[in-house]
Amino acid sequence: MVRAVASVPLVLAAGEGGAGDLSSGGFFAETAWIMLVLPFVAFLAIILVGKRMKGLGAELAIGAMGVNLLWASVLFVQNMFEGIYREVNLTIGEFGTFAGRRLAFELGFVVDGLSIMMYWVVAFVGFLVFVYAHGYMKGDIRVPWFFASLSLFAGSMLVLVGAPNLIQLIIGWEGVGLASYLLIGHYWEEKENSDAAVKAFLTNKVADVGLILGTILLVPALGTFRFSALSAAADAHSEALGGVAVAGALLLFFGAMGKSAQFPLHVWLPDAMAGPTPVSALMHAATMVTAGIYLMARTFPLYHQMATEARPWMVTIAVITLFVLGFLALVADDLKRVLAYSTVSQLGYMMAAVAAGGYTAGLFHLFTHAFFKALLFLGAGSVIHAVHSNNMSDMGGLRKEMPVTFWTFVVGSLSLAGVIPLAGFWSKDEILATLGHEGYTAFMWVAILGAFVTAFYMTRAVALTFFGTYKGHGHPHESPPVMTAPLVALAVPSVIAGLLNIPGVSWGPIRNFTDWVGARIVPMGDYHPKAIEWELAAYGLIAAVAGIAVGWRLFAPDAETQQARDRLRIPVLYPLLHNKYYIDDLYMKGVVNPVKGPLARAVDWVNGYVIDAVINGAGAVTAWLGGLVYGRLDQQGIDLLLNAAAGGTGGAGGKLRLLQSGKVQQYAGAFVVGALLLVVAFVLVT
Amino acid sequence: MDWFESAGLSLIVFLPAAGALALFAVPKAREDAQKWVALLTTGLTAVLAVAVAANFNYGGSEKFQFEVSQSWIPAIGARYHIGVDGISLPLLVLSAVVTVLAVIYSWDHWEEPRNVRGFLALILLLATGMNGTFVALDLVLFFIFFELVLLPMYFMIGIWGDSAKRRIPVLGRTVTMRLYAAIKFFIFTLFGSAFMLLGFLALYFRSGDFLGENTFDIPILIALGSQNAFGSGTFAFLVFGAMFLGFAVKVPMWPFHTWLPDAHTAAPTVGSVLLAAILLKLGSYAFLRISIPILPDMAREWAPFIGLLAVIGIIYGSLACLAQTDVKRLIAFSSVGHMGFVMLGIATMTDVGFNASLIGMVAHGLITGLLFFLAGSMHHRYHTREIARMGGNQKLMPWMGGIFAFTAMASLGLPGLAGFWGEFMSLLGAYRPLAGLSLSQFQTYMVIGAVGTVLTAGYMLWMLQRVNLGEPKAEWSDHEFHDVEPTEWLAWAPLIVAIVAIGVYPRIVLGATTDAVVNLARTAFGG
Amino acid sequence: MTFSEWIAEPVNWAFLAMAIPMVIAALRVVTSRNVVHAALFLVLALAASAGLFILLSAEFVAWVLVLVYIGAVVVLFLFGIMITRAPIGRETNLSHDTRWPAAVAALGVFAVTFWLINAVATQMGGFGDPLPAVGRATATGILGEGFINRYLIPFEAVGFVLLAALIGGITLARKDLTPAEEEEGARV
Amino acid sequence: MVLTQFLVLGALLFSIGVYGLLSRRNAVTVLLAVELMLAAVNINLIAFEAFWNTAAAHGQIFAIFVITIAAAEVGIGLAIILLVFRNRASGNIDQLDLMRW
């Protein structure tokens, strides 16, 4: 009974865990742990020997990622044909009991539709970005450390998405946070960068409180950290879970808000652009920031079946994120910041979908977004590499000098804007359909407006960067193939990925995306449109086209107009957007600085002047009493009294040193009094 | 291996003391020989401790093993009774291992006035006291070992400490830090110990009422405690209070903590390390070994109060850290916060909480010990502990900076490293405290504790940013810096490995403790 | 035993006859303004306690007290007083100016001790029992056997302490001579 | 005779000794007060001995030990006073504050 956990089979495969018609995979599913471990091995190896290698450790990182890509691809393809479910938990320590049940920490991995999709996205985008970075970081001051950190990130991210339980998820979760901290602050010689890194870490730490408390709330009810148990309990509307479901769900969501940069915890993401561009592409666009969405998807049954009261709140937050924060991309001059705000906004779409009940819709957008947003970032990196500036006011007219970058960037932008038939259109359309179907009609319209804003700022970015005349210095030229090849490789799925999940279309034996990610231990039971809703699609498309048109009109492709338009400063609105709705200021001036400054100093003051004063004062009082007891009320004694009195008025109070008066008789007196007190106390106690 | 069963623990306890004596047989000028004597004795002690851990029966970790019980002072019924169980085993191993590392680190780091023999002898004496406390199963023996650690530490701080002068607020007097700190440490602890001794004596005399003869024997008293022999009246209240004072000062709990920053800041590096890694654990260990099992009813009654002080400590320590300008002082205050988590775990009075406190103690010992090593080595190189004068450490000494960053991350409780488990489990424990304790009260503690983790991250990151990152200050431009040296590697590598190992595989600690704390919670509180 | 019963026993008159002067003498030891007087009052107090020892049938101890204390120690005291040129005669500066805290501490000690004696006596009910009759003096031989049997090691240790004190006293009190004085001493 | 009367007398004597110990300024008189306290202890020892009347007379033996140690103590104490007096030309104890830091 007490050993209940130990008796649960370590491997939950199809059939055993009630996963119905899912297969247990094969060799590659059994050995999926290699993916979780390999990047860490690379991390250590790079730290130890990277400096002495020809490619400064990059080859180790790329090699590890290549193997991972192989594994993930095989699993991905396997999962297309038949759903895989396999879960392995290894106990790493039992630690106590709750209501008679032993609780244990476990590590392991899970191979199912959701995690396979994530493995593949991480491995695929990761591999391309690693390759790209090999070119991009050439000549950097800390190449080995860069690739070590990237490997650390890849490992942590895979640990996160492969987590079969909340504990492992938390480990991976904070691991990617650490990697993000290290990489944002890659150029830590400048304070801005290290500030951004600290900001990212701290903001995420605030959110992690939610994740940890949510875990703590849910676990006693379940008796285990396993997601499979959580899903099953939620699916069965377990009573034990009932009391804490909503609170636990909201706390987990709070954790997700931090990682996925939801309003109002989004502040770290734009600043995170201080890191090198490949980092922004991989972590702060394609993978790490989707961890929050992933968490919501992983625990989807909890939200879908039990914590339904929590969902409206979550949708509201997500829609605020997608709409309000999208505007910020309109005024940013830094190309990467434009993309960062766009990422925040797109994360809002995903979150809105999952929160509203669109498990597949949210994940599908995550899937497509990973490609085109990584593509956009890498393209931006290519441009930045060429012009040595992040600012669009130093760019312009680059379409001729950098044709590959230009065309792939345009593809990415169109996909992001949601132009048919590119990937972004299909995934965004499904989100809109889900919002509409689940009854969030008003939010659906806001999301459509958001699509307009998206198209608008992306057009602005394209126009300012590639059209008009060049405003920077030097002669930019196209990046080397090691950088353009990943762009092309990402452009392909950015175009065609949408076809994988067209409502009502199934691709024969390989089925479609909905079925792939539906391979879970319990059915998700979310909404899938049966056929394309052309009316809704048309609204979305109109919004996108309108956005492009307005953007094009405003930021017409000649230098003078561009500069004139870009100086367009609408009163009230522009300062509001420029200052990021003053949210950063609120945090810094309202919370961080007061805590760091006055509050901390006050506590320190209390330590020295109150608690210690009591101690020192006790010493002084003892000495003072000593002065009386030993008849020291002569010259010195009066002095003492005066000093003690002066202490109250801010002068010298007690003097601990007077305990050490050197007067043997005072010691003897203290001894007598102390002995008496002890005797009395002893007698009283016994 | 019969001799090992019976004499192993005694050897672990007294070998260092014998080594200290042997040191004085070596001529004063033969410093190398002295170092080897110290290294061999502590090394052998550590090997024995590991051997004890290896031969420990983990299936019965709730029982005392390697037990020895000999008549000692028959007049008062004090016995030479020692043994280890799952609660003390990790701490014993930690203590034995950290001592070796301290000796290794000392190999070429000596503070002025240089006196190799004296310093090493104090370390060895300290080791006897620490190891002895963790194995003592007799209150008199426990008290003696508990107090024995005072003297070496007092001299360590008082002789080799920081000779800077500092103006003490309120006191209005400029004092030499090491003297002030040493005396403050000594008086504080002695103040607590006096009450603790009273509590022990009271237990002794009261135990006669049930047994017919008075006893200091801890297992017997625990057996009495599990039947609630000492009740919940004024007697038990006062006894618990007296022992609480003694232990809380040692932990230290807010507001008895003010000796800690001064002692840590003033102590020589090795002193700080041992103080942080082991000495602070004596108090919290004593709660688990003595207070709670012997007086369970009172423990339940005092729990909300202990929890309150613990969470105040967490928040207070973190905030105080944010205001520090001295690296060592900052780390010292971080101990206040971390020990707050340890005590919060204990206050929940559940097995999860006890386990949290134990793994928290081990993790804190490893992490904060390493942090003090690092702070000492940086002080050694910069000749200052002022954070404001550092910066760009990562650039001047890449490995040192890297290890510092790693340790700071471990200290802020990064999951996957040792520090996480203690924090997480004590919060988990606070969510479901012992039945009968106020749920809402402890859940409030939990939330406050969770906020504390954010503050912890805040000050650690801020410290890292100021010490490690940025460009080095101009004053160091023509200064030669040595990165981590061989002895430092030797002393630190085991700690680094242990931090990662426990972080990834907490069973290293939990495997020993879990059965023991489950049993402790069950015998103390039933159910 | 009531007070009247107690006072009816003649042996208690003897007790009072010694105890009262003893207390008065003791008080004078600590209050006298003349060092020599104080030392002489100590002689009186000790003599009274020797008398009490005889009452308690501890003759040998009583004589040891007289010989060692009154004979030797007090003489030593008087020598000490003379050598340190302590003011013989009335001296106002012998005590601290404010003495009441000391008095409070002393009264505290007495109160606590008295309370304990009283409490224990009441609790045990045995302290009121009469002591064995006067007259059966302890044979000195018993003491001697005690010293060389059971208490042999302490006895030796005390002997050692005495020796150490002897040497220590000499070393401490010996006046270090200047080279010139040493020369002079050598000549003599 | 009962035991209590001796114990009370001893307590009284001891308290007087404490008073002297704490209130006296002259070192010699402080030593005298210490002697009083020792005498009080002796009274207690002898009284207990008489009360329990052990065959081996432990109490008396201890009293003799006390007396012996007291003699040694006086010898050393006076020697120290002598030394201090020589260096400081004063026999007042409150000038002995060398232990101060």
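As written, the chain order gives the labels A, B, C and D, with residue 1 at the start of each chain.
Quick note on the criterion: a contact is a pair of C-beta atoms (placed from the backbone, for glycine too) under 8 Å apart; a residue touches a chain by one contact, two chains touch by 3 or more.
If you're wondering where the values come from, they're calculated on a predicted model, not measured in any experiment.
Looking at A-C alongside A-B, one finds more C-beta pairs in contact between the chains of A-B. Farthest chain from subunit C (centres taken as the mean of C-alpha atoms): A. One inter-chain figure worth recording: subunit A and subunit C are separated by 83 Å, centre to centre, where each centre is the mean of the chain's CA atoms.
Each chain gets a centre from the mean of its Cα atoms; for subunit B and subunit D, those two points are 44 Å apart. Note on chain placement: the centre of subunit A and the centre of subunit B lie 35 Å apart, centres being C-alpha means. Subunit D has its Cα centroid 77 Å from the Cα centroid of subunit A.
In subunit D, the residues that reach two or more other chains under the touch definition are 18, 21-23, 94, 101.
Residue positions of subunit C with contacts to 2 or more other chains are 95-96, 99, 101-102, 105, 109.
In subunit B, there is no position where the chain touches two or more neighbouring chains simultaneously. Residues 18, 21-23, 30, 93-94, 96-101 of subunit D are the ones that touch subunit A when the two sit in their complex.
Across the interface of their complex, subunit D is touched by residues 629-631, 657, 660-665, 668-669, 672 of subunit A. Touching subunit D in their complex are the following residues of subunit C: 1, 6, 9, 11-12, 15, 19, 22-23, 26-27, 29-30, 35, 38-39, 42, 45-46, 49, 52-53, 55-58, 60-61, 64-65, 68-69, 72-73, 76-77, 79-81, 83-86, 91, 93-96, 99, 101-103, 105-107, 109-110, 113-114, 117, 121, 127-132, 138, 142-143, 145-147, 150-151, 154, 158, 161-162, 164-166, 168-170, 172-173, 175. Chain contact summary for the complex, subunit C toward subunit A: residues 95-99, 101-102, 104-105, 108-109, 112, 116, 119. Across the interface of their complex, subunit A is touched by residues 168-173, 175, 180, 183-184, 187-188, 194, 198-199, 201-202, 205-206, 235, 238-239, 242, 255, 257-258, 261, 316, 319-324, 350-352, 354-356, 359, 392, 394-395, 409, 414-416, 420-421, 424-425, 427-429, 431-432, 446-447, 450-451, 453-455, 457-458, 461-462, 465, 468-471, 504-511, 514, 517-518 of subunit B.
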